[in-house]
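Shared chain: subunit A. Partners: subunit B in the first complex, subunit C in the second.
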Partner chain A sequence: MEYLSLYLDFVKIKLKGMTEYPGAFWAESIAKMMGWAANLIIIYLMVFRFENVFGWSAYEVLMLYSINATSYSLAGFLMFDAFGMLSRHIQMGTFDEMLTKPMNPFLYLCFKGFSTGYIGNLFSTVTALIVCFVALNIPINFTNIFYLIFIIIGSSLIHSAMFMFVNIPVFWIVKADALLSLRWALDEFIRYPISIYDRWIQVMLTFVLPIAFINFYPVQHFLKKDDFLGFSPLLAHLTPVIGIVLFALGYIFFFLGVRNYKSTGS
Partner chain B sequence: MAIIEAKNLCKNFKIYKRNSGFLETVKSLIHREFEIKKAVENVSFSIDKGELVGYIGPNGAGKSTTIKMLTGILYPTSGEVSVRGLIPQKNRKENAMHIGVVFGQRSQLYWDLPMIDAFDLYKKMYKVDDITFKKNIDFYMDILDMKEFINRPIRQLSLGQKMRAEFSVALLHNPDILYLDEPTIGLDVLAKKRIREFIKQINKERQITVILTTHDMDDIEHICDRLILIDKGRILYDGKINEFKTSFSEESVIEFIYEQNDKNHDKSIFEVEGIKLFDGEKGKKYASFSKKQYTSAQVTRMLMDIYEIIDFSIKDQKIEDILNKMYTALGNEGRDS
Partner chain C sequence: MGEAHVGGKFKIMYIEFLKKSFQQQFVYRTNTIINIFTSLIYLFVTVSIWSALYGGRSIIDGISLSEMLTYLLMMQFVRTIVRLPVSNYVADRASSGIISIDFIRPVNLKLCAIFDSLGSALFNVVVFAVPMVIIGCFVWGFVFPANLFQWLIFIPSLFMAIALYSTMEYIMGLTAFWTKTNFHISWIVGAFMSLFSGSHIPLWFLPESIRLVANFLPFKYMIFEPINIFMGKVSSGEALIIILFQFVWLVILFMIERILWHYAQRVVTIQGG
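And then the complex of A and B:
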């Protein structure tokens, strides 16, 4: 806790840095906002055209997507630079610095890499979420907002773990581009309700690479759906647990990587 | 009492073999052969509080690897490191609280932040109390002459200013030990001089132990009392810098070109005790001698008596030359015994 204000200082530094280049900030934010808005609209229009996908209406699918995108953006604030740039830190040897500070190297890496690039994304995806709530007549009351935050924290943790798992192998193999594309491929799977896939894919996305917990299971609580593919409806509430477990595994994995860090000569 | 202790320190890296040819490349995807490169091999030393130690060696000798094991960045393959009685890899935070690090080619400053803000950040990070903070800032501002650029973002500073800034943040928390990895790289003569004087001063005033790696022999001469020389992962020399100088840099070399077609001279004709002749490229010859024994003028005269010299120059011994000679000398010694 005593370090909290120190870590927040790194966020302040980044925000301060951002104000040094306001043009770049606005250009990036607006570009991302528009890009993501386009994605959201395409999803909506596609499902709208088919009326529904396996019993999921256009707004329901849009809600799946926007919960996924919101939690991805939230994870991105701390994880994108930290782990997306990890390969470069390792190639250049700049990772040395994380290990010579009186701080937890994991938290230092995350907070030092705080990225202001996700404000635009978040704006689009939260807007889409609100639109879905209104269009689907989900009451915006204290319980629902609380539950939504609860879920989004959980799914942000899952997204954070994904950032870690695809990038931490660079401690051993230096470059992990292939894993990154795998990650984006996985992300494609959960754009739509996973009930549309074969059984083995459903099982895989639930138990092996449990990314269905990012959106598919928890969103059913709001939609009062019962599309649990024969699994227990309790899965709807497991997102934060899965998130914490995956995040913890990623954290352990990170320190295994640190043990194997080779640095570079200067 | 020893503040830093390294015992039989080893660090191995796996180097994967690269094979040429298509078939070999395909094979290497499945099974890669590798060899173990011993970057640091059985290095032991002990450094006392307040010592100024120069840690030198050619590129790839294992200098940085050793420093990185001392700072806790790398885990040793075998052997032990103890810094202030602790293992740096296991007590990372505690260790970091008491060391300062300046790696010449890596910055720990924040690009968009002026120094004044970086100081506040480091104050918090290292839990520096207000009195020490104020005292140190005033001291560094004054001695490193930082007033003119304290409010400018780091990215606008010159390399020399940046290096001064690096030192001031590395020392803000009054560390016991300062690790410097090529701190003067790329600096101009004046900036180098300033940094050297600064290092000596803080060592004297605060009893900070300094370990310095560099390729600039002048750094070593100006700053250090003790020298540890390493090559191919092994320590070749560990001792006082004065002794190092007397035993290895007293040689001087004259390079000359002579008319070869008149008589068939060879070096057997020139047999003066204490002067050695070597053949160089393109008909050049070198005569090396001890400055204690002869002056350059004497040797030149002797050479001119025998050879029809066209051109000559007296070579100041470069650091690399001295070092090269040393490695050979020590290497041979090692093999004989």
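And then the complex of A and C:
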């Protein structure tokens, strides 16, 4: 509870900062909104022209994409600045300061990193989600909304864990730009149903780097698709569990990094 | 700026800019290796998607799957050489104040920006694009142009595409004189590029209405049309008309650039030392 009110104080400061420069905030939101909208339109047009991809219709693929993008944006609110800036903090020596604060440095980093830059993304992706629900005749009732929130929390945790896993290595190697671009390449795999890939890639995206749980498995609960690649249909409900496990691993990884951390001395 | 000192000495100077940024790329070796790996992933994913979209059908809208894969490989190549990040160069200098030096240097800012970006782009062509086309040739096959004319007209259209895109990027960079960043304009132009330039879907597969809009915008002349010419999907007459349109757009963008530059010099504020 104490942390919650502290967090809200941090958010308040960020929002105040935002209202100082309303022009920049709106420019960023509109620019990002357009960028994401273009991505959504392209996916729709591509699948629409070719009727379907492995039995997935244009709106079904769009839903796959918008769940991924919505949970990415939510994770971005908390994690992008927190961990994306980690290497800067270490290089500039400001990370030392965080270790002296009278609170858990992980939480401090997340609190301080709250970013307003994702409102434009969320606007586009949530709109797309609603459009998909309507176009696919999925009833918008209490159970479905509850289940959607349940999935999105789970997949946001997976995305948050990804932010951590690609950025925390900076404790050892100082610069992790290349890992970041690898993360984006991975993201490409789950833009379309993973049934289009070879068996070994499906296995990898399910059990080794379980990003298929971000969208491919949970979305099938709504779409009633039964495209589980020979795995158990129960995988559709595992997203939050996978999210919590990965997030916990990221948390442990962070403290391993902190233990290894030697200040640059600047 | 832009005085008429385009003597031999000055041309050599711009080539030096190109060489320097080409050589700089050798410094980041691990970065390069991981970048090669990621672009292979991208190519693999895109090829998988398009194969799945064709789903066993041999020809859609008059385009066969192997032609589509050729398009993807050509796009990797064209995109690498055309999409020069000129606006980053200009915007960094405008927002950090280094631009004040450019005002007094006897060089043309635009040419510096272009040749600097061209150096790293050529590095990427050598390291990524050409090997990828070669690998792709063996793995998926490659449909080469049927006649010499396609080659002959592809090359000028590619040069025009480079000129068009870098002029547009330069204009985007100039807006940083007012906005202090090129981030927003890059996202917005990027959205238009991905829809209308053919960098994600070739225009063959777009609905009639979107193709109509694309005809009135410069973006398709930057990526799609050169490849369209290369693949022999237009007649020789149409190819010449494409080049004419590229020229017209270049003139329009050039005029916009001149106007912006004229006003940019007045609003420049150098922040601190």
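By definition in this document, the second predicted complex is superposed on the first by the 265 of 266 C-alpha atoms of A that agree within 3 Å, B and C clash if a C-alpha of one lies under 4 Å from a C-alpha of the other, contacts with A are read in each partner's own complex, and residues count from 1 in each chain.
Simple rule for what comes next: a contact is a pair of C-beta atoms (placed from the backbone, for glycine too) under 8 Å apart; a residue touches a chain by one contact, two chains touch by 3 or more.
Predicted model only: the values in this text are computed from it and were never measured.
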First, second, both or neither for A:A38, with subunit B first and subunit C second: second
Winner by number of subunit A residues touched, once subunit B and subunit C are compared: C
Which of subunit B and subunit C A:G230 touches, first, second, both or neither: neither
Which of subunit B and subunit C A:P22 touches, first, second, both or neither: neither
Residues of subunit A at both interfaces, subunit B in one complex, subunit C in the other: none
Contacting residues of subunit A [partner subunit C, same complex]: 27-28, 30-32, 34-35, 37-39, 41-42, 45-47, 49-50, 52-54, 177-179, 181-182, 184-186, 188-189, 191-192, 196-197
Interface residues, subunit C side, partner subunit A - complex: 30-31, 34-35, 37-38, 41-42, 45, 48-49, 51-55, 60, 179, 183-188, 190-192, 194-195, 200-201, 205-207, 210
Sites on subunit A touched by subunit B in the complex: 5-6, 9, 13, 16-17, 20, 93-94, 96-97, 99-105, 259, 261-263, 265-266
Complex interface listing, subunit B residues touching subunit A: 13, 59-60, 64-65, 68, 71-75, 92-94, 96-97, 99, 101, 103-106, 108, 110-113, 117, 121, 124-126, 153, 181-182
